[in-house]
Amino acid sequence: MSDVVQVTAEVIATRRAGAYHHLTFVAPGVAERARPGQFVALSVGGSSSAHLLRRCFSIHRVSPSGTYGGTVDLVISSVGPGSDWLSTLRAHDTTSMVGPLGRPFPLPKEAVATVLVGGGYGSAPLCWLAETLRERGCRVDVVLGAATESRLFGVGQARRAADSVTVTTDDGSAGHKGWVSDVLPALVAAHGAAVVYACGPMGMLRAVTDVAGATGAVAQVAVEESMACGVGVCMTCVMPVTGNDGVTRMVRSCVEGPVFRGDRVRWDAFDGGGCRVPEDALGASAMRAH
Amino acid sequence: MSQTAGAVAVDLSTDLGGIRLPNPVMTASGCAANGKELHRFFDVAALGAFVTKTVMLEPRSGRGTPRMAETPSGMLNSIGLQGPGIRAFCEQDLPWLKARGARVLVSIAGGTAGEFADVAAHLRSSDAWDAVVGVEVNISCPNVANRGQVFACDPAASAEVMNLVRERLPRDTPVIAKLSPDVTDIVAIASAVLGAGATGVTMINTLLGVVIDTDRLRPQLGGLTGGLSGPAVRAVAVRAVWQVRAAMLAGQVATAPIIGVGGIASGRDALELVAAGASAVQVGTITFHDPSAPLRVREELAALLRAKGFARFTDVVGIAHERL
Amino acid sequence: MSQTAGAVAVDLSTDLGGIRLPNPVMTASGCAANGKELHRFFDVAALGAFVTKTVMLEPRSGRGTPRMAETPSGMLNSIGLQGPGIRAFCEQDLPWLKARGARVLVSIAGGTAGEFADVAAHLRSSDAWDAVVGVEVNISCPNVANRGQVFACDPAASAEVMNLVRERLPRDTPVIAKLSPDVTDIVAIASAVLGAGATGVTMINTLLGVVIDTDRLRPQLGGLTGGLSGPAVRAVAVRAVWQVRAAMLAGQVATAPIIGVGGIASGRDALELVAAGASAVQVGTITFHDPSAPLRVREELAALLRAKGFARFTDVVGIAHERL
Amino acid sequence: MSDVVQVTAEVIATRRAGAYHHLTFVAPGVAERARPGQFVALSVGGSSSAHLLRRCFSIHRVSPSGTYGGTVDLVISSVGPGSDWLSTLRAHDTTSMVGPLGRPFPLPKEAVATVLVGGGYGSAPLCWLAETLRERGCRVDVVLGAATESRLFGVGQARRAADSVTVTTDDGSAGHKGWVSDVLPALVAAHGAAVVYACGPMGMLRAVTDVAGATGAVAQVAVEESMACGVGVCMTCVMPVTGNDGVTRMVRSCVEGPVFRGDRVRWDAFDGGGCRVPEDALGASAMRAH
């Protein structure tokens, strides 16, 4: 009963960060338990809300003890009614928070070289991860990409936390014009990275997995599936992942993820907006019967 | 007002066709997985019963994604009954629930009436069978033999399933048929299943719905149609319970326990279904909003009954029919 | 983006079984009275059509109060078809609408199939008949001859009504049957009414619901049951439109215009019903929230179509069936 | 098109008034059009609200021109989710307002004596009415009643605006212990009042009507039926009222009311929480057929 809590979280600071809203919540209990790569689920819309489902956000960073008790920082991109509502919160407004949720980024046992790749707000959890890795003696090179400069997040923080930071934008408004996958192979090779951590859109995660695979590095990718509950009870957030036994299962990304080994994800099953069940997945044949 | 004191003062126990439950609040099938996840938020043994995700004979992958769309005060889902199959369920999930002291209402389904019976037989032979307080038969799933029409839309198909399941289970095991609201006459379906050996009925399963993704101008769910649930549908659930209870009071249908489900988000909401005739209630979709909801609803219901001066939960069951 | 510019650029016109309407957005029967009240907020002639409150032969007082209960993202109502009767309607309401230049879709009902026909005949003989662009036949009302079961729950009773109404009206007058979602197979009902001379179908009327007043522990509405409407039910409306359109595309049902209604609160919502197969849409309950809603929906829909690059509204009707 | 407007109203001041919340809104267009006895309909719950229906509130007073443009004052009793939400609004919060709605209190053509009776927050529209009547030379005696002192509203304002103010409370915590109908007959008789205006709970309005009837005064009562739309399109707010032709009809209290002549209201049809259709009402027989 102790790895997750459900609390009323109070906003104590809000600020713009490029295209994003950076919010700090007092969330007693969440901060103390959280590790990089985990996320929280927030209710949205207030007490009269027509929105039943929680919205999930990666934990940007935590400070377990502060003037107000433990705080949790989130980076929110306003894309629809739930994230819009969150981005209009002011100091002292409250909402319900459940967390920390999901499995964190697994940390290497040895002091190996690592590369961290963030796409858009996907960089939110990476600074904290970088700090944690450096504390363990790992080398950390960071690549941050986005469509355009305003959609980059955390470049300054990354520069303080990492050994190097490379920026890419699709439109060339900052850093290299192009994709993170353009600059990634050289970086992975340069220091013989053993692990590539990534967080961002599915297409990027797949590309990162390919690059890592080509050099023998392990890819650890944090996915972002549509989630109704965030706590493992609804089965909406599934994706096909191959287990140690070689069997592909539709696993819940909220409890078995959001971090998966990239080479275990069945990228072939994803298309446009969704994901098919691979024919060889466990239980796929029963679906064909009825 | 202390809600805990309320829970102590009011006798919340209820009867599920011969089985006595300490309180009437349950999870709803498919909204609570099989217990481990919610046990992080509250003790699953504190519920009247824990209702498991519908299990079929074989493991099922469920459908592709997206599997959900949020709707105003509700959601649409098309999970496709993803599950481990009855054998793995009996080896892993049921023993876990038993070890926690939970009373388990096991939800089962099949693509044919025979498959329902086979699942029931497997369940009966489980080592953890004594944790089972009843079997909920989810007949709101497609009937392979009848061009995929769901069993619960056809009185005869529904009755056949109940007859076969009943045969495989001990006489004293409550067998509850879970009905779909998507029918012209839900009293006729209730009558058919109760006539075929069902101990009671659970109402309602989700309503069939479609959401269009207006960006892509195509259905949002991978499975095209889905089931609508949540507070949005509560008035339909209350109506279904009302109609079947009224038919029982009028002697048109045999009197039997009704489990009410659909849109319960609070103790007040639960009381709506109870006053309409439900002897127990299930808390479904709202659990996604508040993982502590099933226990909270129990506490709120107890506090509400105490505030209204009722000493026993059973005194309120169907009370609205006396106050017309 | 200027919505007015959008309205100009996109050809919003649509066809209602031979009658061309300048745009596809209508009021919903019973959610807009007979025009005067909303004309204070927008010009009723700006709509594709104005749908009047269902009128029967004689004046009706409607039911006692309370007549409504708010529900999550919806409401339950039991008005009981309060109205002036067809004669007063023809003398006062219809001429007023005609004088404003409104195109009127007149909603009619009866307690027997014969009463429906009588109402149609009276309407036909009205001096203001030329304002009428069609007749919507609200068969979701109780059938006196069949223990109060609503006509729309029975294919044969529905067809009888449509046959008799059709006889009393000119061949070129669109006669639209308004269907209830509370049926096991809405395609069967659509098929029956289209086979009996209906020009098209409107879907959906309200869902039958009950709300319990938990203070008094009795049904909240004076009329006990009521009709559930609003955004809460939109996914059910989209599903009904989807199913009937799919049956038309599959050749199981004659191709005919569908008017979509249920839970529309915005142009985006309207587009859901249109993409599922509706050639026109009605804006109901949300009008209580925003009295300008019908016109706003028209403007939002036009802006949305323009933003997506569609030149004609009719290009989007049923488009989601092509993108499966 | 000009007697009613739909505007985004901004809260500029909030204060407690006993058990009530007194809110001032900037509502351009509403203030200029309003007259005493009219009401406004507010949407509640914000942009994500699950509450579709507007909540109706009597206009307490208006100031057609001010620093911010016309303002509208409302007095809100927090009794459920909608009124709770309104009572938590802070300065600069906004909500949609439709108004003014309904028919105002009819004003006497002559300078007659009047008595104004308010129950609970029902006194909200009465001060403004008192001022308007006094401007026309009418004598104005006011009776304000409530269950207890904190549920009285506007006693101070009434003292400034009226010729006399009598207070009653059920529990005797302020003024006379008892009901407004205890003190009313003497007041009506004292100055030979020609009109008794009343706003408050149904039971009180009926009692006021009886008292007025006994003395030959006309009762003008503002009712409070449950309203889904407030603008006349839904038919939920009906009540049986007898017209000049002697025929009882189920009339909409939002457009034909909220002010009715008390002796025209079919009080006999009201019971506990609702109202039956009288057997002799127009169209009642058609309901019995089906």
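Letters are used for the chains, namely A, B, C and D, taken in the order the chains are written, and counting of residues starts over at 1 for each.
The criterion applied here is as follows: a residue touches a chain if its C-beta (ideal position, glycine included) is under 8 Å from a C-beta of that chain, and two chains touch if they have at least 3 such contacts.
As the structure is a computational prediction, the values presented were derived from the model and not from experiment.
Common neighbours of chain A and chain D under the contact definition above: B, C.
If you compare A-B with B-D, the chain pair joined by more contacting C-beta pairs is A-B. The centroid of the Cα atoms in chain B and the matching centroid in chain C are 34 Å apart. Mean C-alpha positions place chain A and chain C at a centre distance of 46 Å.
Residue positions 50-51 of chain A are each in touch with at least two other chains. Shared interface positions of chain C, i.e. residues touching 2 or more other chains, are given as 72-74, 216, 230-231. Interchain contacts join each chain to each other chain, per the touch definition above. Looking at the complex, you find that chain A touches chain D at residues 44-51, 81, 84-85.
Residues 69, 71-74, 76, 153, 182-185, 207-212, 214, 216-219, 224-226, 228, 230-236, 238-239, 242, 263, 268, 271-272, 275-276, 304, 308, 316, 319-320, 323-324 of chain B touch chain C in their complex.
On the chain A side of its complex with chain B, the touching residues are 1, 3-4, 6, 43, 50-54, 96, 98, 225-226, 228-229, 231-236, 238-239, 249-250, 255, 269, 272-277, 281-287, 289-290.
Chain C meets chain A in the complex at residues 72-73, 231. Of all the residues in chain B, the ones that touch chain A in their complex are 30-33, 36-41, 53, 56, 58-68, 70, 72-75, 77, 79-80, 82-83, 85, 111, 142, 144, 148, 213, 216, 222, 230-231, 285-292.
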